[in-house]
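Next up: some structures, all given as structure tokens.
Two complexes come next, and they have one chain in common, chain A, joined by chain B in the first and chain C in the second.
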Partner chain A sequence: MIDMLEFWRQSLPQLLTGYRLSLLVTGASLFLGIPLGLLLALSLQTRSTWLKLPSLSVVEIGRGASILVLLQFVYFGMPSVGLTFSSFASVTIAFTWCTAAYTSEIIRAGLESVPQGQREAGEALGMTRLDILRIVILPQGLPVSVPALLGFSILMLQASSLAFVVALPELMSKAQLIGSNTFRYMPLFTLTAILYAAVCIPATIVVGFLERRLSRHF
Partner chain B sequence: MMATILSGVTWTIALSLTALAIGIILGGVLCAMRTSGVALLDFAATVLILAFRSVPPIVWLFLIYFGIGSGIVQVSPFQAAAIGLGLITGANMAEIFRGSLKAIHPGQGEAARALSMPPVWRMVDVIIPQLMRISLPSVVSYGIGLLKDTAIASTIGVPEIAFKASHVSQVTFRGLESFAFAGALYILLSVPIALASREIDQRLRARVAK
Partner chain C sequence: MPEDDALMHILPSQTSSGSQRVMVEVAGLCKDFGAHRVLDNIHLTVDPGEVIAIIGPSGSGKSTLLRCINLLERPSAGAIRVGDVEIDAFRKITRRELLAFRRPIGMVFQSFNLFPHLSVLRNVSIAQERVLKRSREEADAVSRQLLERVGLGSKADQYPARCSGGQQQRIAIARALALEPELMLFDEPTSALDPELGLEVLNVMQELATAGMTMIVVTHEMHFAESVSNRVIIMADGKIIEEGPSVQVMRSPHSERAKQFLGAVLNR
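Now for the complex of A and B:
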């Protein structure tokens, strides 16, 4: 037991540097992906086929193909057409794609929860379509999506552990690296699991609390 | 190239179904614990559900395959993947079942009690059949997500679609085609399941008491 704690103490600093990268890559994907998701949600609502079709394929591929395959496609596949990305860039691209695809559905559901009468009232006041969106729909529709978006963010932090297949030195890669040097997989992956859970469990509880609070107002 | 990747489909389907089966059984148990009314069981189930869901699938797989599997007990990659994904599925199934349970009219259970049906029969004959009908769409859409999550099992060497695709890309240096084909396979597999589920759901929905 003492022996295991000593091993944890030794490997913790390295794991934490990896964790910082996990959080960074998750943050970058969410920061880029969620605004993109909003754009996709809006373009799926328009009547223009030119906007709708490409957006629909981006969403369906992002949601339909496995995120691991998407990541390997960007990192191992794109070089055959001359596009070589670093592991950090590949992970960010693949995860942004995935985030945009999933959050577009979450945001669309939020926007659709705004009653149709609100839009009609805006039209009756002679507001432009952009103004209706900006002043009426978004401020009411976006807050509805917040709990679901936060829940998705927790899933993305967990998904960032997949980045180890492209050798991004995040938490899982670090654990794997120490593991292959020391062969002490059990204590090592237990610590890794605890580190992920230490962020995800409180986050899940907060999201659940927010969901209950928000549902009270509607 | 395509034939090699296609040969992974059986493993992908087998792994998805095994993990889903483990998850449904575990989810049923966890849901029963959560709704039992016994504070200790409820708390234990809540903690387990949180713990299963808060650790990434790949960490579960490595923990089971390298951690437990390198000790006294020998675990094959398939078993490790099925157990690891099954645990996470179980936690999510418990939440799905609990949500569906709320959609069943309380009068159903009360009527069964008024007829002095024993608790086991009350569940088996009255509650569970309706629970299955209500939770089907959520279970299927989770199953489709699970189908894509089985790609993670490639990292511990289960020869499913993603594993075959990366193998092919290493041998032929044609990563673009092989991963695009693998991605398309996942989409192709999930579309018929989604359509079938919608069809069955509409038929079953009519048979749930409101």
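Now for the complex of A and C:
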């Protein structure tokens, strides 16, 4: 037992540098991906075909292809057409794509949960479409999406462990590295799991809190 | 003071040019949902200051007619003129035309449709700021006066969910009036309310009618139709089957269908 704690103490600094990178790459993907998801959700609602079709392809490829495929496509595939990305950039691009694709559906569901009468009231008041979106629809639709978006963010943090396949030295890669040197996989992955859970479980509690708080006025 | 000015405009000014002209003109209006014809060749004119009640059985097209008048539903055929703006079902309507067409029209819905995430005051002020480009102070001042007028001055800082149905509907009326409409459309404004709360709303509407507002009211309130409106229109199966001065239509309708409908609603 003491032996294990000592092993944890030795591995922890290395794991934490990896974890920082995991959080960074996840954060960057969410920061870029969620606004993109909103744009995709909005362009899927328009009647203009040449806005809709490209958006639909981005969403369907992002959701249809496995994130591991996207990741390797960007890192190993793109260089053959002359685009070489660092492992951090590759992961961010692939994860942003995935985030945009999935969150566009989450956000669309939120926007569609706003009753049709709200839009009609805005129209009857003579508000422009942009005003109706900005003042009436988004403030009601986005809060509905927030819990699902946070849930998705937690999944993305966990999925960031896939970045080890492109040699990004994040938490999972670090754990693998230590493991291959010490062969003490059992205590090692226990600690790794604890580290992921230490962020994910409190985040889940925040989701529950937000769900209650955001439904205050309705 | 600007806010007094704003309130004055709520009453259609009888002095403005063209006030004697017919305010609403609906000609040959048809609306199809798929193969189903909901409105069939509707003709209707409304004079300034007139209060019109549209009654009739469910599914007769009353609400659809009202919603066509401010283009919440696009007509399949026919033309509609409100004030100076005319639209034709066969011509593509630009976004700018749509906004201009709706500008003089206020609408009150059966389900109120207040914005639940905004305070009562913001509900009434927001469109004034965005559509009439009033400053926030100016808009809020107008809003407070209108809320006072519908008897809800004390509710300004509440959220709609904290108000009763009758209060919400009166807030919705204030919200529409804040844009100084020349024509008010009411789509079954009391149908979602119990009789007592409905009365609060009817009182506000009666006051509005007395003040000279042009109103088209789709309603099941037979007493309102007979005593407040100048003219009653009875619809059935997408057509106007009876039209005339309120008392006459309500007391001695000509057509069999109208007699049957009125018999059913008045003798209950």
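As a convention for this text, the second predicted complex is superposed on the first by the 207 of 218 C-alpha atoms of A that agree within 3 Å, B and C clash if a C-alpha of one lies under 4 Å from a C-alpha of the other, contacts with A are read in each partner's own complex, and residues count from 1 in each chain.
The definition used in the following text is that a contact is a pair of C-beta atoms (placed from the backbone, for glycine too) under 8 Å apart; a residue touches a chain by one contact, two chains touch by 3 or more.
In this text the structure is predicted, and so the values were computed from the model without any measurement.
*Asks:* Have a look at chain B and chain C on chain A after the superposition and call it: clash or fit.
*Replies:* fit
*Asks:* Between chain B and chain C, what opening angle does the Cα centre of chain A see in the overlaid model, nearest 10 degrees?
*Replies:* Between the chain B and chain C centres, as viewed from chain A, the angle is 100 degrees.
*Asks:* If you stack the two complexes on chain A, which partner ends up touching A:189: first (chain B), second (chain C), both, or neither?
*Replies:* A:189 sits against chain B, while chain C stays out of touch.
*Asks:* Go through the superposed model and pick first if A:135 touches only chain B, second if only chain C, both, or neither.
*Replies:* second
*Asks:* Which partner does A:68 contact after superposing on A: first (chain B), second (chain C), both, neither?
*Replies:* first
*Asks:* In the overlaid three-chain picture, which partner chain does A:5 touch, first (chain B) or second (chain C), both, or neither?
*Replies:* Neither chain B nor chain C is touched by A:5.
*Asks:* Answer with first, second, both or neither: which of chain B and chain C does A:16 touch in the superposed model?
*Replies:* A:16: touches no partner chain.
*Asks:* So, A:77: does it touch chain B (first), chain C (second), both, or neither?
*Replies:* A:77 sits against chain B, while chain C stays out of touch.
*Asks:* Return the chain, chain B or chain C, that is in touch with more residues of chain A.
*Replies:* B
*Asks:* Once the structures are superposed on A, label A:206 by its partner contacts, choosing first (chain B), second (chain C), both or neither.
*Replies:* In the superposition, A:206 touches no partner, neither chain B nor chain C.
*Asks:* Can you work out, in whole Å, how close the C-alpha atoms of chain B and chain C get once everything is superposed?
*Replies:* Minimum C-alpha separation, chain B to chain C, in the superposed model is 25 Å.
*Asks:* Across the two complexes, what residues of chain A are contacted by chain B and by chain C?
*Replies:* none
*Asks:* What residues of chain A sit close enough to touch chain B in their complex?
*Replies:* The contact residues of chain A facing chain B are 60-61, 64-70, 72-73, 76-81, 158-159, 161-162, 164-165, 172, 175-176, 179, 183, 185-186, 188-190, 192-193, 196-197, 200-201, 204-205.
*Asks:* Spell out the part of chain B that touches chain A in their complex, as residue ranges.
*Replies:* Going by the criterion above, the answer is residues 50-51, 53-60, 62-63, 66-68, 70-71, 148-152, 154-155, 161-162, 165-166, 169, 173-180, 182-184, 186-187, 190-191.
*Asks:* What part of chain A is in contact with chain C in the complex they form?
*Replies:* 115, 117-118, 120-129, 131, 135-136, 139-140, 217-218
*Asks:* For chain C, which residues count as touching chain A in their complex?
*Replies:* 70, 72, 95, 99, 102-103, 105-107, 109, 111, 113-117, 126-127, 130-131, 159-161, 175-176, 179
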